[in-house]
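Order as written gives the chain letters A, B, C, D, E, F and G; numbering starts at 1 within each chain.
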Amino acid sequence: MEARPLDALNRARDKKVIVECKNGRQYLGSLRAFDIHINVVLDDTEERVDGEVKRKLGTAFIRGDTIILISPA
Amino acid sequence: MEARPLDALNRARDKKVIVECKNGRQYLGSLRAFDIHINVVLDDTEERVDGEVKRKLGTAFIRGDTIILISPA
Amino acid sequence: MEARPLDALNRARDKKVIVECKNGRQYLGSLRAFDIHINVVLDDTEERVDGEVKRKLGTAFIRGDTIILISPA
Amino acid sequence: MEARPLDALNRARDKKVIVECKNGRQYLGSLRAFDIHINVVLDDTEERVDGEVKRKLGTAFIRGDTIILISPA
Amino acid sequence: MEARPLDALNRARDKKVIVECKNGRQYLGSLRAFDIHINVVLDDTEERVDGEVKRKLGTAFIRGDTIILISPA
Amino acid sequence: MEARPLDALNRARDKKVIVECKNGRQYLGSLRAFDIHINVVLDDTEERVDGEVKRKLGTAFIRGDTIILISPA
Amino acid sequence: MEARPLDALNRARDKKVIVECKNGRQYLGSLRAFDIHINVVLDDTEERVDGEVKRKLGTAFIRGDTIILISPA
(Lines give C-alpha, C1' and ligand atoms only; values in the text may rest on other atoms or scores of the structure.)
Protein backbone atom coordinates (compact mmCIF):
# COMPACT_ATOMS: atom_id res chain seq x y z
CA MET A 1 0.00 0.00 0.00
CA GLU A 2 1.15 3.52 -0.80
CA ALA A 3 0.62 6.86 0.85
CA ARG A 4 1.55 9.38 -1.87
CA PRO A 5 0.51 9.72 -5.53
CA LEU A 6 4.11 10.01 -6.73
CA ASP A 7 4.77 6.49 -5.36
CA ALA A 8 2.44 5.21 -8.07
CA LEU A 9 4.47 7.03 -10.75
CA ASN A 10 7.64 5.63 -9.23
CA ARG A 11 6.34 2.06 -9.57
CA ALA A 12 5.54 2.81 -13.24
CA ARG A 13 9.11 3.93 -14.00
CA ASP A 14 10.57 2.22 -17.09
CA LYS A 15 7.20 0.68 -17.82
CA LYS A 16 4.80 1.57 -20.65
CA VAL A 17 2.31 4.26 -19.68
CA ILE A 18 -0.36 6.31 -21.37
CA VAL A 19 -0.33 10.06 -20.70
CA GLU A 20 -3.58 11.90 -21.43
CA CYS A 21 -3.40 15.64 -22.11
CA LYS A 22 -5.91 18.48 -21.84
CA ASN A 23 -5.94 18.96 -25.63
CA GLY A 24 -7.33 15.45 -26.16
CA ARG A 25 -4.04 13.88 -27.22
CA GLN A 26 -2.56 10.74 -25.71
CA TYR A 27 1.11 9.85 -25.49
CA LEU A 28 2.18 6.21 -25.13
CA GLY A 29 5.75 5.44 -24.09
CA SER A 30 8.14 4.20 -21.43
CA LEU A 31 8.13 6.45 -18.35
CA ARG A 32 11.73 7.57 -17.88
CA ALA A 33 11.44 10.49 -15.49
CA PHE A 34 8.96 12.69 -13.63
CA ASP A 35 9.07 15.44 -11.02
CA ILE A 36 6.72 17.03 -8.46
CA HIS A 37 5.16 19.25 -11.16
CA ILE A 38 4.28 15.99 -12.99
CA ASN A 39 6.54 17.00 -15.86
CA VAL A 40 7.31 13.62 -17.46
CA VAL A 41 9.76 12.18 -19.98
CA LEU A 42 8.70 9.26 -22.16
CA ASP A 43 10.83 7.15 -24.49
CA ASP A 44 9.60 5.46 -27.70
CA THR A 45 6.65 7.84 -27.65
CA GLU A 46 3.60 7.48 -29.86
CA GLU A 47 1.11 10.32 -30.14
CA ARG A 48 -2.51 9.21 -30.50
CA VAL A 49 -5.71 11.12 -31.17
CA ASP A 50 -8.98 9.17 -30.71
CA GLY A 51 -6.95 5.97 -30.34
CA GLU A 52 -5.21 6.44 -33.72
CA VAL A 53 -1.41 6.76 -33.96
CA LYS A 54 -0.55 10.21 -35.35
CA ARG A 55 3.22 10.45 -34.86
CA LYS A 56 6.27 8.63 -33.49
CA LEU A 57 8.29 11.01 -31.33
CA GLY A 58 11.16 9.09 -29.69
CA THR A 59 11.89 10.90 -26.45
CA ALA A 60 9.26 13.41 -25.36
CA PHE A 61 9.29 15.88 -22.48
CA ILE A 62 5.67 16.64 -21.54
CA ARG A 63 4.92 19.63 -19.32
CA GLY A 64 2.98 18.65 -16.21
CA ASP A 65 0.26 21.30 -16.38
CA THR A 66 -1.05 19.85 -19.67
CA ILE A 67 -1.54 16.38 -18.19
CA ILE A 68 -4.88 14.99 -16.98
CA LEU A 69 -4.02 11.36 -16.28
CA ILE A 70 -1.19 8.83 -16.33
CA SER A 71 -1.96 5.12 -16.40
CA PRO A 72 -0.07 1.86 -17.17
CA ALA A 73 -0.62 0.99 -20.86
CA MET B 1 -16.51 16.19 13.00
CA GLU B 2 -13.60 17.30 10.86
CA ALA B 3 -11.76 20.53 10.47
CA ARG B 4 -9.89 20.15 7.17
CA PRO B 5 -11.02 19.04 3.70
CA LEU B 6 -8.17 16.52 3.38
CA ASP B 7 -9.61 14.66 6.40
CA ALA B 8 -12.60 13.77 4.22
CA LEU B 9 -10.26 12.32 1.57
CA ASN B 10 -8.43 10.42 4.26
CA ARG B 11 -11.65 8.77 5.43
CA ALA B 12 -12.33 7.76 1.79
CA ARG B 13 -8.96 6.00 1.43
CA ASP B 14 -9.28 2.47 0.03
CA LYS B 15 -12.97 3.06 -0.60
CA LYS B 16 -14.69 3.52 -3.98
CA VAL B 17 -14.89 7.15 -5.06
CA ILE B 18 -15.96 9.08 -8.12
CA VAL B 19 -13.58 11.75 -9.39
CA GLU B 20 -15.11 14.41 -11.67
CA CYS B 21 -12.80 16.26 -14.04
CA LYS B 22 -13.02 19.62 -15.79
CA ASN B 23 -13.27 17.94 -19.23
CA GLY B 24 -16.56 16.28 -18.26
CA ARG B 25 -15.10 12.83 -17.60
CA GLN B 26 -15.62 10.82 -14.45
CA TYR B 27 -13.26 8.26 -12.96
CA LEU B 28 -14.57 5.56 -10.62
CA GLY B 29 -12.09 3.56 -8.55
CA SER B 30 -10.60 2.82 -5.14
CA LEU B 31 -8.80 5.84 -3.69
CA ARG B 32 -5.25 4.71 -3.00
CA ALA B 33 -3.38 7.98 -2.50
CA PHE B 34 -3.73 11.76 -2.62
CA ASP B 35 -1.63 14.80 -1.76
CA ILE B 36 -2.14 18.49 -0.95
CA HIS B 37 -2.37 19.35 -4.68
CA ILE B 38 -5.30 16.85 -4.79
CA ASN B 39 -3.31 14.67 -7.18
CA VAL B 40 -5.00 11.28 -6.66
CA VAL B 41 -4.29 7.65 -7.49
CA LEU B 42 -7.20 5.27 -8.12
CA ASP B 43 -7.12 1.48 -8.54
CA ASP B 44 -9.55 -0.55 -10.69
CA THR B 45 -10.42 2.66 -12.49
CA GLU B 46 -13.34 3.04 -14.88
CA GLU B 47 -13.62 6.12 -17.10
CA ARG B 48 -17.16 7.30 -17.69
CA VAL B 49 -18.62 9.98 -19.95
CA ASP B 50 -22.29 10.90 -19.36
CA GLY B 51 -22.59 7.91 -17.00
CA GLU B 52 -21.41 5.43 -19.68
CA VAL B 53 -18.27 3.31 -19.13
CA LYS B 54 -15.69 4.24 -21.80
CA ARG B 55 -12.53 2.46 -20.62
CA LYS B 56 -11.06 0.30 -17.87
CA LEU B 57 -7.75 1.76 -16.76
CA GLY B 58 -6.43 -0.23 -13.77
CA THR B 59 -4.30 2.19 -11.79
CA ALA B 60 -4.69 5.86 -12.72
CA PHE B 61 -2.78 8.90 -11.52
CA ILE B 62 -5.03 11.96 -11.96
CA ARG B 63 -3.48 15.43 -11.74
CA GLY B 64 -5.16 17.56 -9.09
CA ASP B 65 -5.71 20.69 -11.16
CA THR B 66 -8.07 18.82 -13.52
CA ILE B 67 -10.35 17.72 -10.69
CA ILE B 68 -13.64 19.41 -9.77
CA LEU B 69 -15.07 17.02 -7.18
CA ILE B 70 -14.39 13.78 -5.32
CA SER B 71 -17.26 11.86 -3.72
CA PRO B 72 -17.86 8.34 -2.34
CA ALA B 73 -19.33 6.15 -5.11
CA MET C 1 -17.82 42.60 12.15
CA GLU C 2 -15.16 40.50 10.46
CA ALA C 3 -11.81 41.27 8.96
CA ARG C 4 -11.05 38.24 6.81
CA PRO C 5 -13.10 36.36 4.17
CA LEU C 6 -12.45 32.98 5.81
CA ASP C 7 -14.27 34.23 8.93
CA ALA C 8 -17.46 34.24 6.85
CA LEU C 9 -16.88 30.61 5.85
CA ASN C 10 -16.21 29.76 9.48
CA ARG C 11 -19.57 31.22 10.53
CA ALA C 12 -21.22 29.06 7.82
CA ARG C 13 -19.70 25.84 9.16
CA ASP C 14 -22.30 23.07 9.65
CA LYS C 15 -24.91 25.24 7.97
CA LYS C 16 -26.46 24.75 4.54
CA VAL C 17 -24.56 26.56 1.77
CA ILE C 18 -24.65 26.78 -1.98
CA VAL C 19 -21.35 26.41 -3.82
CA GLU C 20 -21.26 27.76 -7.39
CA CYS C 21 -18.66 26.33 -9.76
CA LYS C 22 -17.04 27.63 -12.94
CA ASN C 23 -18.73 24.91 -15.03
CA GLY C 24 -22.18 26.28 -14.18
CA ARG C 25 -23.03 23.65 -11.59
CA GLN C 26 -24.23 24.35 -8.07
CA TYR C 27 -23.72 22.16 -5.02
CA LEU C 28 -26.03 22.47 -2.02
CA GLY C 29 -25.02 20.88 1.26
CA SER C 30 -23.82 21.34 4.84
CA LEU C 31 -20.39 22.95 4.99
CA ARG C 32 -18.20 20.55 6.95
CA ALA C 33 -14.69 21.78 6.19
CA PHE C 34 -12.69 24.28 4.14
CA ASP C 35 -9.08 25.43 3.85
CA ILE C 36 -7.13 28.45 2.59
CA HIS C 37 -7.32 27.17 -1.01
CA ILE C 38 -11.14 27.23 -0.56
CA ASN C 39 -11.24 23.46 -1.02
CA VAL C 40 -14.53 22.59 0.70
CA VAL C 41 -16.31 19.49 1.96
CA LEU C 42 -20.10 19.34 1.91
CA ASP C 43 -22.41 16.71 3.46
CA ASP C 44 -25.84 15.71 2.09
CA THR C 45 -24.82 17.28 -1.22
CA GLU C 46 -27.21 17.93 -4.07
CA GLU C 47 -25.89 18.85 -7.51
CA ARG C 48 -28.02 21.34 -9.43
CA VAL C 49 -27.84 22.66 -12.96
CA ASP C 50 -30.09 25.65 -13.79
CA GLY C 51 -31.80 25.21 -10.41
CA GLU C 52 -32.75 21.57 -11.15
CA VAL C 53 -31.49 18.73 -8.92
CA LYS C 54 -29.30 16.41 -11.00
CA ARG C 55 -27.74 14.10 -8.41
CA LYS C 56 -27.52 13.36 -4.70
CA LEU C 57 -23.88 12.93 -3.70
CA GLY C 58 -23.63 12.49 0.08
CA THR C 59 -20.22 13.82 1.03
CA ALA C 60 -18.43 15.85 -1.66
CA PHE C 61 -14.93 17.27 -1.70
CA ILE C 62 -14.89 20.26 -4.10
CA ARG C 63 -11.55 21.63 -5.27
CA GLY C 64 -11.20 25.33 -4.48
CA ASP C 65 -10.02 26.52 -7.90
CA THR C 66 -13.34 25.47 -9.50
CA ILE C 67 -15.39 27.59 -7.10
CA ILE C 68 -16.81 31.04 -7.92
CA LEU C 69 -19.02 31.73 -4.90
CA ILE C 70 -20.19 30.28 -1.58
CA SER C 71 -23.37 31.57 0.04
CA PRO C 72 -25.80 30.45 2.80
CA ALA C 73 -28.66 28.47 1.21
CA MET D 1 -2.97 59.47 -1.89
CA GLU D 2 -2.40 55.71 -1.67
CA ALA D 3 0.49 53.49 -2.56
CA ARG D 4 -1.04 50.02 -2.69
CA PRO D 5 -4.16 48.64 -4.45
CA LEU D 6 -5.47 47.00 -1.26
CA ASP D 7 -5.70 50.48 0.33
CA ALA D 8 -8.48 51.23 -2.15
CA LEU D 9 -10.37 48.12 -1.06
CA ASN D 10 -9.84 49.09 2.56
CA ARG D 11 -11.44 52.49 1.95
CA ALA D 12 -14.43 50.68 0.36
CA ARG D 13 -14.99 48.48 3.41
CA ASP D 14 -18.63 48.51 4.60
CA LYS D 15 -19.60 50.51 1.52
CA LYS D 16 -21.59 49.30 -1.48
CA VAL D 17 -19.40 47.89 -4.25
CA ILE D 18 -19.88 46.09 -7.54
CA VAL D 19 -17.77 42.99 -8.14
CA GLU D 20 -17.39 41.90 -11.77
CA CYS D 21 -16.56 38.27 -12.47
CA LYS D 22 -14.95 36.47 -15.41
CA ASN D 23 -18.21 34.64 -16.20
CA GLY D 24 -19.98 37.95 -16.97
CA ARG D 25 -21.86 38.16 -13.68
CA GLN D 26 -21.88 41.13 -11.35
CA TYR D 27 -22.37 41.07 -7.60
CA LEU D 28 -23.58 44.17 -5.76
CA GLY D 29 -23.27 44.32 -2.00
CA SER D 30 -21.57 45.79 1.06
CA LEU D 31 -17.88 44.90 1.18
CA ARG D 32 -17.35 43.15 4.51
CA ALA D 33 -13.97 41.50 4.07
CA PHE D 34 -11.16 40.83 1.58
CA ASP D 35 -7.68 39.31 1.61
CA ILE D 36 -4.50 39.42 -0.51
CA HIS D 37 -5.94 36.84 -2.95
CA ILE D 38 -8.82 39.31 -3.46
CA ASN D 39 -11.25 36.77 -2.02
CA VAL D 40 -14.12 39.04 -0.90
CA VAL D 41 -17.21 38.79 1.28
CA LEU D 42 -20.28 40.87 0.44
CA ASP D 43 -23.45 41.35 2.50
CA ASP D 44 -26.92 41.99 1.05
CA THR D 45 -25.66 40.65 -2.26
CA GLU D 46 -27.53 40.94 -5.53
CA GLU D 47 -26.42 38.95 -8.56
CA ARG D 48 -26.85 40.74 -11.87
CA VAL D 49 -26.40 39.59 -15.46
CA ASP D 50 -26.47 42.32 -18.13
CA GLY D 51 -27.61 44.79 -15.47
CA GLU D 52 -30.65 42.70 -14.52
CA VAL D 53 -31.08 41.38 -10.95
CA LYS D 54 -31.07 37.55 -11.07
CA ARG D 55 -30.87 36.57 -7.39
CA LYS D 56 -30.63 37.93 -3.86
CA LEU D 57 -27.90 36.08 -1.98
CA GLY D 58 -27.44 37.63 1.46
CA THR D 59 -23.83 37.01 2.39
CA ALA D 60 -21.58 35.85 -0.46
CA PHE D 61 -17.98 34.67 -0.39
CA ILE D 62 -16.48 35.27 -3.85
CA ARG D 63 -13.20 33.57 -4.76
CA GLY D 64 -10.57 36.08 -5.84
CA ASP D 65 -9.41 34.37 -9.02
CA THR D 66 -12.86 34.79 -10.60
CA ILE D 67 -12.86 38.57 -10.11
CA ILE D 68 -12.01 41.10 -12.82
CA LEU D 69 -12.88 44.38 -11.12
CA ILE D 70 -14.21 45.91 -7.90
CA SER D 71 -15.68 49.41 -7.90
CA PRO D 72 -17.87 51.54 -5.59
CA ALA D 73 -21.53 51.12 -6.61
CA MET E 1 16.86 54.04 -18.66
CA GLU E 2 15.09 51.51 -16.48
CA ALA E 3 15.88 47.97 -15.44
CA ARG E 4 12.56 46.62 -14.17
CA PRO E 5 9.04 46.62 -15.70
CA LEU E 6 7.47 48.03 -12.51
CA ASP E 7 9.62 51.17 -12.94
CA ALA E 8 7.55 51.94 -16.04
CA LEU E 9 4.34 51.66 -14.02
CA ASN E 10 5.87 53.87 -11.34
CA ARG E 11 6.57 56.59 -13.89
CA ALA E 12 2.92 56.36 -15.01
CA ARG E 13 1.57 56.91 -11.50
CA ASP E 14 -1.09 59.64 -11.36
CA LYS E 15 -1.08 59.85 -15.15
CA LYS E 16 -3.79 58.67 -17.52
CA VAL E 17 -3.32 55.06 -18.65
CA ILE E 18 -5.24 52.49 -20.63
CA VAL E 19 -5.55 49.01 -19.13
CA GLU E 20 -6.44 46.21 -21.55
CA CYS E 21 -8.07 43.08 -20.14
CA LYS E 22 -8.31 39.50 -21.36
CA ASN E 23 -12.09 39.81 -21.88
CA GLY E 24 -11.59 42.50 -24.55
CA ARG E 25 -12.47 45.45 -22.33
CA GLN E 26 -10.36 48.54 -21.84
CA TYR E 27 -10.24 50.74 -18.77
CA LEU E 28 -9.05 54.35 -19.02
CA GLY E 29 -8.18 56.25 -15.89
CA SER E 30 -5.52 57.78 -13.65
CA LEU E 31 -3.16 55.16 -12.27
CA ARG E 32 -3.33 55.51 -8.48
CA ALA E 33 -1.74 52.29 -7.25
CA PHE E 34 -0.30 48.95 -8.39
CA ASP E 35 1.50 46.00 -6.82
CA ILE E 36 3.76 43.13 -7.91
CA HIS E 37 0.73 41.07 -9.01
CA ILE E 38 -0.12 44.00 -11.33
CA ASN E 39 -3.34 44.58 -9.43
CA VAL E 40 -4.06 48.23 -10.25
CA VAL E 41 -6.32 51.01 -9.01
CA LEU E 42 -7.58 53.64 -11.45
CA ASP E 43 -9.47 56.86 -10.68
CA ASP E 44 -12.02 58.50 -13.01
CA THR E 45 -12.31 55.20 -14.84
CA GLU E 46 -14.07 54.74 -18.15
CA GLU E 47 -14.83 51.27 -19.45
CA ARG E 48 -14.55 50.88 -23.22
CA VAL E 49 -15.41 48.04 -25.58
CA ASP E 50 -14.18 48.37 -29.16
CA GLY E 51 -13.21 51.98 -28.42
CA GLU E 52 -16.73 52.93 -27.28
CA VAL E 53 -17.36 54.22 -23.74
CA LYS E 54 -19.68 51.75 -21.94
CA ARG E 55 -19.59 52.95 -18.34
CA LYS E 56 -18.09 55.51 -15.97
CA LEU E 57 -16.79 53.76 -12.86
CA GLY E 58 -15.01 56.29 -10.64
CA THR E 59 -12.42 54.31 -8.71
CA ALA E 60 -11.78 50.79 -10.02
CA PHE E 61 -9.66 48.01 -8.55
CA ILE E 62 -8.61 45.70 -11.41
CA ARG E 63 -7.19 42.27 -10.58
CA GLY E 64 -3.78 41.74 -12.14
CA ASP E 65 -4.33 38.34 -13.70
CA THR E 66 -7.02 39.75 -16.01
CA ILE E 67 -4.66 42.37 -17.47
CA ILE E 68 -2.84 42.05 -20.80
CA LEU E 69 -1.32 45.50 -21.19
CA ILE E 70 -0.96 48.90 -19.55
CA SER E 71 -0.01 51.94 -21.62
CA PRO E 72 -0.09 55.75 -21.22
CA ALA E 73 -3.36 57.06 -22.70
CA MET F 1 26.78 30.46 -25.45
CA GLU F 2 24.17 30.99 -22.79
CA ALA F 3 22.78 28.86 -19.99
CA ARG F 4 19.52 30.60 -19.02
CA PRO F 5 16.58 31.84 -21.10
CA LEU F 6 16.64 35.29 -19.49
CA ASP F 7 20.16 35.78 -20.91
CA ALA F 8 18.56 35.83 -24.36
CA LEU F 9 16.16 38.58 -23.26
CA ASN F 10 19.07 40.47 -21.75
CA ARG F 11 20.91 40.42 -25.10
CA ALA F 12 17.77 41.79 -26.76
CA ARG F 13 17.53 44.77 -24.39
CA ASP F 14 17.12 48.10 -26.24
CA LYS F 15 16.70 46.23 -29.52
CA LYS F 16 13.54 45.80 -31.54
CA VAL F 17 11.56 42.69 -30.60
CA ILE F 18 8.23 41.14 -31.43
CA VAL F 19 6.09 39.95 -28.52
CA GLU F 20 3.37 37.42 -29.37
CA CYS F 21 0.40 37.15 -27.03
CA LYS F 22 -2.13 34.41 -26.33
CA ASN F 23 -4.98 36.50 -27.78
CA GLY F 24 -3.33 36.50 -31.23
CA ARG F 25 -1.94 40.03 -31.03
CA GLN F 26 1.65 41.00 -31.65
CA TYR F 27 3.51 43.92 -30.14
CA LEU F 28 6.59 45.37 -31.88
CA GLY F 29 8.86 47.70 -29.98
CA SER F 30 12.20 48.29 -28.26
CA LEU F 31 12.66 46.00 -25.26
CA ARG F 32 13.27 48.31 -22.28
CA ALA F 33 12.75 46.04 -19.30
CA PHE F 34 11.70 42.53 -18.28
CA ASP F 35 11.55 40.48 -15.09
CA ILE F 36 11.42 36.81 -14.06
CA HIS F 37 7.64 36.69 -14.65
CA ILE F 38 8.43 37.77 -18.25
CA ASN F 39 6.53 41.00 -17.68
CA VAL F 40 8.05 43.26 -20.35
CA VAL F 41 8.13 46.95 -21.19
CA LEU F 42 8.39 48.04 -24.83
CA ASP F 43 8.97 51.55 -26.21
CA ASP F 44 7.62 52.81 -29.56
CA THR F 45 5.14 49.97 -29.52
CA GLU F 46 3.02 48.96 -32.49
CA GLU F 47 0.13 46.53 -32.03
CA ARG F 48 -0.43 44.17 -34.94
CA VAL F 49 -3.15 41.63 -35.70
CA ASP F 50 -2.49 39.24 -38.59
CA GLY F 51 0.56 41.30 -39.53
CA GLU F 52 -1.47 44.55 -39.85
CA VAL F 53 -0.68 47.59 -37.67
CA LYS F 54 -3.72 48.33 -35.46
CA ARG F 55 -2.41 50.92 -33.02
CA LYS F 56 0.64 52.90 -31.94
CA LEU F 57 1.04 52.70 -28.18
CA GLY F 58 4.28 54.41 -27.16
CA THR F 59 5.39 52.69 -23.97
CA ALA F 60 3.59 49.45 -23.18
CA PHE F 61 3.78 47.26 -20.09
CA ILE F 62 2.79 43.70 -21.10
CA ARG F 63 1.94 41.17 -18.39
CA GLY F 64 4.08 38.05 -18.66
CA ASP F 65 1.37 35.45 -18.41
CA THR F 66 -0.21 36.64 -21.67
CA ILE F 67 3.02 36.16 -23.63
CA ILE F 68 3.77 33.14 -25.85
CA LEU F 69 6.99 34.22 -27.54
CA ILE F 70 9.56 37.00 -27.77
CA SER F 71 11.85 37.25 -30.78
CA PRO F 72 14.13 39.89 -32.35
CA ALA F 73 12.17 41.81 -35.00
CA MET G 1 19.25 6.35 -17.21
CA GLU G 2 17.96 9.63 -15.80
CA ALA G 3 15.99 10.56 -12.72
CA ARG G 4 14.63 14.05 -13.53
CA PRO G 5 12.77 15.42 -16.56
CA LEU G 6 15.15 18.38 -16.92
CA ASP G 7 18.01 15.90 -17.53
CA ALA G 8 16.29 15.04 -20.81
CA LEU G 9 16.22 18.72 -21.82
CA ASN G 10 19.86 19.01 -20.81
CA ARG G 11 20.80 16.16 -23.17
CA ALA G 12 18.92 17.95 -25.97
CA ARG G 13 20.88 21.19 -25.52
CA ASP G 14 22.29 22.53 -28.79
CA LYS G 15 20.39 19.88 -30.71
CA LYS G 16 17.35 20.38 -32.94
CA VAL G 17 14.06 20.07 -31.07
CA ILE G 18 10.40 20.60 -31.77
CA VAL G 19 8.41 22.61 -29.23
CA GLU G 20 4.63 22.17 -29.32
CA CYS G 21 2.47 24.94 -27.90
CA LYS G 22 -1.08 25.06 -26.53
CA ASN G 23 -2.24 27.23 -29.46
CA GLY G 24 -1.45 24.46 -31.96
CA ARG G 25 1.80 25.98 -33.21
CA GLN G 26 5.13 24.17 -33.39
CA TYR G 27 8.56 25.72 -33.14
CA LEU G 28 11.59 23.92 -34.62
CA GLY G 29 15.05 25.07 -33.65
CA SER G 30 18.26 24.43 -31.74
CA LEU G 31 17.68 24.31 -27.98
CA ARG G 32 19.97 26.97 -26.49
CA ALA G 33 18.61 27.42 -22.98
CA PHE G 34 15.82 26.38 -20.62
CA ASP G 35 14.91 26.88 -16.97
CA ILE G 36 12.75 25.20 -14.32
CA HIS G 37 9.62 26.99 -15.62
CA ILE G 38 10.39 25.31 -18.99
CA ASN G 39 10.93 28.73 -20.57
CA VAL G 40 13.11 27.85 -23.57
CA VAL G 41 15.28 29.67 -26.09
CA LEU G 42 15.63 28.28 -29.61
CA ASP G 43 17.99 29.41 -32.38
CA ASP G 44 17.23 29.21 -36.13
CA THR G 45 13.57 28.88 -35.25
CA GLU G 46 10.88 27.90 -37.72
CA GLU G 47 7.21 28.30 -36.80
CA ARG G 48 4.94 25.61 -38.20
CA VAL G 49 1.17 25.20 -38.21
CA ASP G 50 -0.19 21.80 -39.30
CA GLY G 51 3.33 20.82 -40.38
CA GLU G 52 3.65 23.84 -42.73
CA VAL G 53 6.41 26.45 -42.25
CA LYS G 54 4.78 29.83 -41.46
CA ARG G 55 7.72 32.00 -40.39
CA LYS G 56 11.47 32.04 -39.76
CA LEU G 57 12.19 33.66 -36.43
CA GLY G 58 15.92 33.39 -35.67
CA THR G 59 16.20 33.37 -31.89
CA ALA G 60 12.94 32.80 -30.03
CA PHE G 61 12.20 32.95 -26.31
CA ILE G 62 9.13 30.76 -25.62
CA ARG G 63 7.32 31.10 -22.30
CA GLY G 64 7.10 27.78 -20.48
CA ASP G 65 3.42 27.86 -19.61
CA THR G 66 2.44 27.79 -23.30
CA ILE G 67 4.41 24.59 -23.96
CA ILE G 68 2.85 21.11 -24.14
CA LEU G 69 5.79 19.01 -25.35
CA ILE G 70 9.45 19.17 -26.33
CA SER G 71 10.98 16.42 -28.45
CA PRO G 72 14.15 15.91 -30.56
CA ALA G 73 13.38 16.84 -34.19
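Just so it is clear, a contact is a pair of C-beta atoms (placed from the backbone, for glycine too) under 8 Å apart; a residue touches a chain by one contact, two chains touch by 3 or more.
These numbers come from a predicted model, not from an experiment.
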Please state, in steps, how far chain G lies from chain C along the shortest route of touching chains.
-> 3
Centre distance in Å when chain A and chain F are each reduced to the mean of their C-alpha atoms | 33
Chain-centre distance (mean CA atoms) for chain B and chain F, in whole Å, is 41
What whole-Å value do you get for the distance between chain F and chain G if each is reduced to the mean of its CA atoms?
-> 18
Overlap residues in chain E, where contacts from two or more other chains coincide | 65
What's the ring order, kicking off at chain F and moving to chain G?
-> F, G, A, B, C, D, E
Note which residues of chain A are touching chain B in the complex, please.
-> 1-9, 12, 22, 38, 64-65, 67-72
Enumerate the contact residues on chain B facing chain A in the complex.
-> 14, 21, 23, 27, 32-35, 39-41, 45, 57-63, 65-66
